[in-house]
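The structures come next, written out as structure tokens.
Next come two complexes, and both contain chain A; in the first it sits with chain B, in the second with chain C.
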Partner chain A sequence: MLKIDRRIIFLVIGLCTLLPLLYPVGLPIKISSEVRGVYNHIESLPERSVFFMSFDFDPASKPELHPQAIALLRHAFRKNLRVVTMTLWVTGTGLADQIVTQVAKEMGKENGKDYVFLGWSPGNTAVIINLGQNLYNTFPSDYGGKPTKGLPVLDGVQSLKDVTYMVSLGAGNPGVEAWYVFGKDKYKFEMGGGCTGVMAPGLYPLLRSGQINGLIGGLRGAAEYESLIDQKGKAVAGMDAQSATHVAIIILVIICNLFYFSMRRAARQQSG
Partner chain B sequence: MIFLRRQLPLLITMITGLLFAGQYYVPHPASEQLLTSATKWLQIVGGFALVLGVTSLFHQHAAKIRRKEEGWGYSLVLYAGMLGTIAVGLWANGKESVEGAATAFGWVYSYMLVPLQGTMFAILAFFIASAAYRSFRARSREAAVLLIAAVIVMMGRVPLGEYLIPLSGDVSQWILNVLNASVRRAILIGVSLGAVALSFKIIFGVERSYLGGGKE
Partner chain C sequence: MDATVFGAWVATGLTLCIFTFLYKDNPLFKLAEHLYVGVSVGYTIVKAYDTVIVHLIVKPIFEQGEIALLIPVAIGMLMLTRYVPKAAWLSRYAFAFIVGVGSGLAIPRTISSFILRQIEDTVRPLLSMAGGDGVTFSMNLLNPSSSINVIIILIGVISVLFYFFFSIEHSGPGKIVARTGVIFLMIAFGAAFGYTVMARMSLLIGRLTDLIEFSDASYGRPTLWLLMVTIGVLIVLSRRSQRKPPQES
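Entry: the complex of A and B
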């Protein structure tokens, strides 16, 4: 049994993912203080405040970070904030553009007036420092090629120092940590973060010390945010599948350990 | 020649290292302007590094194809993929969409890169489950502690786990907030101190491996 055919395990995991997606149960999702931290801060911002979002991920992390981005943008647009977006990951440019365009269209927002997508620029963390010095030097034009100077959405914004709140959705480096080290620490803006589930434990020291005021971790975090803004989407739908796979893996680990201990006991009895 | 290969790079490293370490603490406009110029240069160098990286990759795989080394077919696929993407990228002016309509480059991105990367990471769930079954065993006391902590966190992070064991959510939060955060912080402090020490070694020319080991 310890050497079970791995295709059986693959089948179990496949069914645990597929069945809850086809037949959702909809178990209640408890909201954590980390996710509430980001939500409450956005909720407290006055209208037309500058909300800066960096989509620091690529399609590999789409299942976890795409729903986070959608939920955050819906919340920001609903609060009538000025939304400035960009990415530090070149392979995330298309995805970020799709997300921003889709949510802005859904919420009836106008490009250049209510939001702007700056796109990508080479230099990784140097881009953050440059943005802190001068936004217009770093991005002379937006993703669509329009000059950034004179855009109503950037009215009164010279650099990161003029940003009211910033959230980095990161799937690695550069991501949340880089935005804190090269951005918030020097240019003093309030900051929250979003990341994949596997990265979240690594960002808890930043959270506990108040260096970031909230953290949306993985699909669970996205589902919590969707529940908070009362617009349930892909993350809430995916939580049942994640629940089933987590429980399946735990059961598999317990079974494996039971067999392991019974075999060890049998071996001891034989030798004794 | 030794001066150009050794002393000059060491001198540049030392001067710029000390200058920009000090710049952080000087909020004078001239100091800020210096940082702006330097980071702008960094961005420009970053752009060239990208070209250099792509050229090097082409070179490496061209040699593999020429020598018909094992797996040269994959290099051919890489060539076709890269040249094809560069061609449509240049044609579309590097834009995935223009006024909401997808370009050919956008099509490659949405229907090739997105599903390929998604598939790569989706299969991880299957391999993790299989690996967990095979290797996650309580062979020692330490392994047993790790196993129990992992099970609690896995239960506490999903609604079904919290429904079955209501306490798992709070215990999982405590593990993440207290045990995990303190250990991570200790690691971070250690790594940061190491980085500071390494920076000093590079600035003062003690650590010179970045200069390369070529002939003098």
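Entry: the complex of A and C
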């Protein structure tokens, strides 16, 4: 067993992923307090509040962060918030534009009036600091080239200080941490985060200390958010597969450990 | 061909090419890998040129007369002197500017956000005054701010810090504290690894979801056709490599 061809393990994992996607079971999804934190805050915002979202990821993290972005935007548009979006990742610009446009169209929202996608600006963390000083200097025009000054969606918004709630969906640096360090900590707005599964353990200290008020972690977090807004999508569909692969991995780990310890005992008995 | 359908064929083909690595390293995987790198770099260059050069430099200077922008442009141009050995020393001014500004911005904010706020959170009061109940000690492990969790975090932080304190030998009571630190570290690594496995599985689920979607007739069933082509190519490549005589070392 310890010398098993690794391709057999790939096949087992592949089947455990594929079969639940083809034949879903619909396992229950328990909502965690960290995901509920983001949901509850958005739910508590009055209409036309300014909701700022930064899509700090690229297509490599699409499977985890794309469903999170879709669910958050649907929730924000349903609450009639003014949605201001941007990205700190140049390779994520096209994907972010596609997500915002797709959800806005689905929810019947108007570009410039209900939402705006500012695009990408160079400078990583310096962009956050600039946004805290003057949004119009950082983004003189939106992604489509329209001047940002005078857009109804930005009415009364001069800088990050005028943002009611901000969520960064981050797949690395710059991401949630950068937005906290150079944004929230300096300009004092309420903030939540969304991230890939790999990053989630590193962001829990920020959550516990109240530096961010909620955290959507990985595909699991996206599935919880989809359940909360009652619009089940790709994340919920993937949860059966996620559970099946986890069970398969746990079984493989147990089997390999049993074989390892039994072989070690046999070797000791032989030498003794 | 519709752009969406064409995109589905390209995405399916490249996904399958990358998946062939699970069988073994092969030219199909290399093709997809190099395409990914090339497209990423090309996209970044085009976006950076359009956003930075055109929209943030050329247009404001020539259309709006913002001459002050020439100062950051000049500092940026100094970076390029790295390619001229005799003038390379000029680039140090640009680097000095970037390091100075970057450090000045990052150090106070990082100390405030991570060190001070996290220390504040680590040394929370062990007992709390809740309403008219007087001093209380909560034992709820599920509540992150309960008294028992505050104690666990305090023990964890101190024992891990002690484990990385190498000036005294870890023996006697010190050994127990260091071992406790190792246990906390192992739990943290386990949690991080668990999340990493979950993330990687999510990526696989994402690709398989797309492959299932693209097996639909509305896309022309690229998943099925390209899967057959990929398997065919792998068989041909495998046979060709078997026919090759072993190379002499």
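Rule of thumb we're sticking to: the second predicted complex is superposed on the first by the 272 of 272 C-alpha atoms of A that agree within 3 Å, B and C clash if a C-alpha of one lies under 4 Å from a C-alpha of the other, contacts with A are read in each partner's own complex, and residues count from 1 in each chain.
As a convention for this text, a residue touches a chain if its C-beta (ideal position, glycine included) is under 8 Å from a C-beta of that chain, and two chains touch if they have at least 3 such contacts.
Predicted model only: the values in this text are computed from it and were never measured.
Residue contacts after overlaying the shared chain place A:31 against neither chain B nor chain C. In the overlay built on the shared chain, the residue A:10 is in contact with chain B and with chain C.
When the two structures are aligned on the shared chain, A:107 is found in touch with neither chain B nor chain C. Looking at the shared chain after the overlay, A:45 reaches neither chain B nor chain C.
By the touch criterion stated above, A:126 is placed in contact with chain B and with chain C alike.
Applying the stated contact rule after C-alpha superposition, one finds that A:19 touches neither chain B nor chain C.
A count of residues in chain A touched by chain B and by chain C gives the higher number to B. Of the two partner chains, chain C is the only one that A:180 touches; chain B does not reach it. Residue overlap on chain A between the chain B contacts of one complex and the chain C contacts of the other covers 10, 13-14, 17, 62-63, 91, 93-94, 121-122, 126, 129, 186, 197, 200-202, 205, 208-209, 218, 220, 242, 245-246, 249. Interface residues of chain B facing chain A in the complex, by the touch rule stated above, are 24, 32, 35-36, 39-40, 42-43, 46-47, 49-50, 95-100, 106, 109-110, 113-114, 117-118, 120-122, 125-126, 128-130, 132-134, 136-138, 147, 151, 154-155, 157-164, 169, 173, 176-177, 180-181, 184-185, 188. Against chain B, in their complex, chain A makes its touches with residues 2, 4, 6, 9-10, 12-14, 17, 27-30, 32, 58-63, 91, 93-95, 97-98, 101, 121-124, 126-127, 129-130, 133-134, 137-138, 143-144, 186, 197, 200-202, 204-205, 207-209, 218, 220, 239-240, 242-250, 252-253, 255-257, 260-261.
For chain A in complex with chain C, the touching residues are 7, 10, 13-14, 17-18, 21-22, 62-64, 66, 90-91, 93-94, 119-122, 125-126, 129, 140-141, 180-182, 185-186, 196-198, 200-202, 205, 208-211, 217-220, 234, 237-238, 241-242, 245-246, 249.
Against chain A, in their complex, chain C makes its touches with residues 22-23, 40, 43-44, 47-48, 51-52, 55-56, 60, 105-106, 109-110, 112-114, 117-118, 120-121, 144-145, 188, 191-192, 195-199, 201-209, 212.
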